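Here is the structure we will look at.
For clarity, chains are labelled A, B, C, D and E in written order, and residue numbers in each chain start from 1.
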């Protein structure tokens, strides 16, 4: 009976995914992408993955959605807007369709075949049993009570550490690709009074709810990444409200905040190695405390990185400084 | 048919839709969205198997992997967006058709 | 009671599916955007109902996360359209 | 339980570059370079110490967090990983030295340029992590670290062609890693473990395994620019700054090959089919011919070198069919397997040295001329003697003339081809060498030709030329320790004894 | 059935009715503004009823607070975005933009 929910949800998700890619207008693609994210979050809920659902809501639909929306601003044509109906702004240029038909037919047929094999593979999958039992057995030694947090920050802490590095790396990549715009104060935009009210109201909520998610990560769904996005949202809001925090603090402090999570994690690991243990092998008595510190610092760092990614992208078009040729 | 099977089949479909989108969509943004959809399919398959392997709770390892994976995918998508916007800013191109 | 919750969830999902018809039909962009909003509200309702059905109160956290970030999205939207208005004389 | 000696080196090899990368962020451009160079030298030194440790103690492991697989992650440094890490260290430190001089000699204001150092150290950490990793998902994270840092490095100049190439590269990389991850998901679902060693023991053939083999192989082939997916490589490698091109070509694409080799040999042993091997070999063969041909008709130096990379990577793909004998065919000699995969490793090393040297020379030529159109290479010998020498030596190794490392690789490949009875690959190897000779000699002929008009060669730092030359010489020097190197590779006991015995004996030497 | 459950059922059924009304409005009403009106009013009311119903069912003050905040936030987001969509449409209907309408 409850399977009806799943079937409907699956159909809706597939429809949204296809429609999102087929629709000719960019703005609609982005909106359908939010809807797809919501559908996916419902699917995670149905599969009992609340942590994943919160992450999806926070970072994949929320943060990425904001980035996509911001990109729409950039892709709006800068000339000849007034002649056209606004509807057509995001319409893609039409090109010769005929030359594309044959390769596309071949591609679609190939994909259909691939889909068939994939479905067979997924349907016939043997039951491997998973690692639930071993995770459950070792959970008491991990320092936390929530199994997903235990895996993320203790059993597979190495992956999580690298992942914090990946976010920092993403920020560096954005710097390289778009120029470092972060430290410049944005152009004189008069702050919107209504926006300021909203920010005043929402910021404490974001902060408190983020802290709440971080805190309950020890015992239930929630944790550093989800909290980080909510805290990052504060930075984004402040940026939108004309208060770019990273342009206002000294640079070394910004770098410190940015690298704090990764650095503390790593230095702790090295100290543990010096102590004759292995990387990230916490002493059992302190495991809970260390995980909490790592999560807090990590969340702040990730929040800073996400804010910086957004702020840098948001200011990308502020001034066009041509890059001089090098090679 | 069990719940997890519906979602694992859906995951394969989303995966293929994503691949198709990456090849067939022309606009940069749509290609990037397609990679995210493809990733969604992959993560869905992880989590669907986790639900199958549930005992007292669902298998936490795939959940953790998926959280890591989502964050990594978002970081790559952000970089891709930065590149796409920079290209548009410098050349006005929004597809690969005229690059060289 | 569980059966009732399932029926409600299915009903709400069907509601979304119906709304998707508008996405397909249009005719204006605003119409299509509207439906995404319908999806958002209905999705919240489904999350709340599922929270009761699965006896899993943490689902409410998912809904709250979605909500607070939806506000961020809306503010971002204001910004996008403001820029565009600047372009139109 | 695992009976292998534990060592802190694997963890340090990943941690140290990231620590230095993080530190370098705090400095201004000049300081970034200094910290970055120091980080490179420290990492290289650490890698060599770790290499020596492996030669003495054999395979060492590092159980992260003290949690054993399947729940935890294990870093394993066996002889194969040690060889790759050592190669990365040597090539990496030379390229770092070159980059130090190269970026100082450029008068440029591209804002991102100082970020070369943190990005490169992250890339190095990712490569070390990849070579050491023994966990399918961790491999995904490391290839993402490598992918993001490689793309960022490729667009360092911020110019339009580089941006286009970078976006193409990034989209290809994401597609590849997501395809890989889908395979990982299916493998985890069907076995309940992510650890390579355990997976090899419990994996059973079936449609799911075959499909994951397919998507993982396709995904990694996209990452290593294997034949139908090579489209992103030439623009990305040719539009990057010279030290970055060298890194991308010499090291980054080898990461995907390393995973592919490990997975085929250690994990998928039972479910490999003869046809799968032949198919991937065919892709390699086409890449060899097509890439070399494309290199022959290019008119810019960097594009020649980039297309030549496609061809040389094709040789790596041709290793895979040799690992699987045709049904019913028994090999002439018992040890048919060893020449095949050691040929792959040798090709990786020889190509890393030669191609790094080529790209570094290309950077010098651009520095001297302002462009890299090949007709201007006339009288290169008269103006930049050392660079011309480097190109010549590296070219000889690329062709595979004795006594170069490239020759060793191709000779062992041919040996593997004939021992496994798959003679039809031999003409491809020879044909590839012939075409390679074509473009290398075309370059050399131009270099020796008298100048037609006054070519204005600006002076370039001699130290940079010497670095390029030393890398070229490196591709010859690797021949001398060949016997001990092969012995060392085989000593890891992972691949040496053939696929069947791996499955029976287990990987950790457990009992 | 307990009285609590009866209240829940009634509230949720009323909520569902509003949702249905909203969707039908979106499907059937002739122009954007009436569709907008239908959707905002109906869905927010519907969500309110369902939220109230579930709050009664779960019967924990902490959860009730969360549900209330979900409702408030959804109201905030949806009314702002409705206003935006309406303004967007208004801009399109400026004389120089009038070209494609229905």
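Methods note: a contact is a pair of C-beta atoms (placed from the backbone, for glycine too) under 8 Å apart; a residue touches a chain by one contact, two chains touch by 3 or more.
Computed from a predicted structure; not experimentally measured.
The chains that touch chain C as well as chain D are A. Set side by side, the interfaces A-C and A-B show unequal numbers of C-beta pairs in contact, with more at A-B. Comparing the centres of all chains, each the average of its CA atoms, the largest separation from chain D belongs to E.
For this pair, chain B with chain D, the centres built from the Cα atoms lie 27 Å apart. Averaged C-alpha coordinates put the centre of chain D at 56 Å from the centre of chain E. Distance between chain B and chain C, defined via averaged C-alpha coordinates, is recorded as 21 Å.
Multi-chain contact residues, meaning those touching two or more other chains, occur in chain A at positions 2, 46, 63, 82, 86-87, 118, 121-122, 125, 127-131, 135, 151, 155-156, 159, 163, 166, 169-170, 173, 177, 179, 205. Chain contacts: chain E has residues 69, 88, 91-92, 97 touching two or more partner chains.
Residue numbers of chain B whose C-beta contacts span two or more other chains: 8, 15, 18-19, 45, 49, 52-53, 61-62, 65, 68, 72-73, 75-77, 79, 83-84, 86. Within the complex formed with chain A, the residues of chain C that make contact are 3, 6, 9-10, 13-14, 16-17, 20, 23-24, 28-29, 32-33, 36, 39-40, 43, 46-47, 50, 54, 56, 58-59, 61-62, 64-66, 68-73, 75-80, 83-84, 87-89.
The touching residues of chain B, when paired with chain A in their complex, are 1, 3-21, 23-27, 29-30, 33-34, 36-37, 40, 43-45, 47-68, 70-79, 81-86, 88-89, 94-95, 97.
Residues 71, 137, 140-141, 144, 147-148, 151-152, 155, 158, 160-161, 163-164, 166-168, 170-171, 173-175, 178-179, 181-182, 185-186, 188-189, 192, 194 of chain D are the ones that touch chain B when the two sit in their complex.
Interface of chain C with chain E (complex): residues 1, 4, 8, 11-12, 15, 18-19, 21-22, 27-31, 33-35, 37-38, 40-42, 44-45, 48-49, 51-52, 57, 60-61, 63-64, 67-68, 70-71, 73-74, 77-78, 81, 85, 88. Residues of chain A touching chain C in their complex: 1-2, 4-5, 8-9, 11-12, 15-16, 19, 25, 27-28, 31-32, 34-35, 38-39, 41-42, 45-46, 50, 53-54, 57-58, 61-63, 65-66, 69-70, 72-73, 76, 78, 81-82, 86-87, 89, 192, 195, 198, 202, 205-206, 209, 213, 220-222, 226, 229-230, 233, 236-237, 240.
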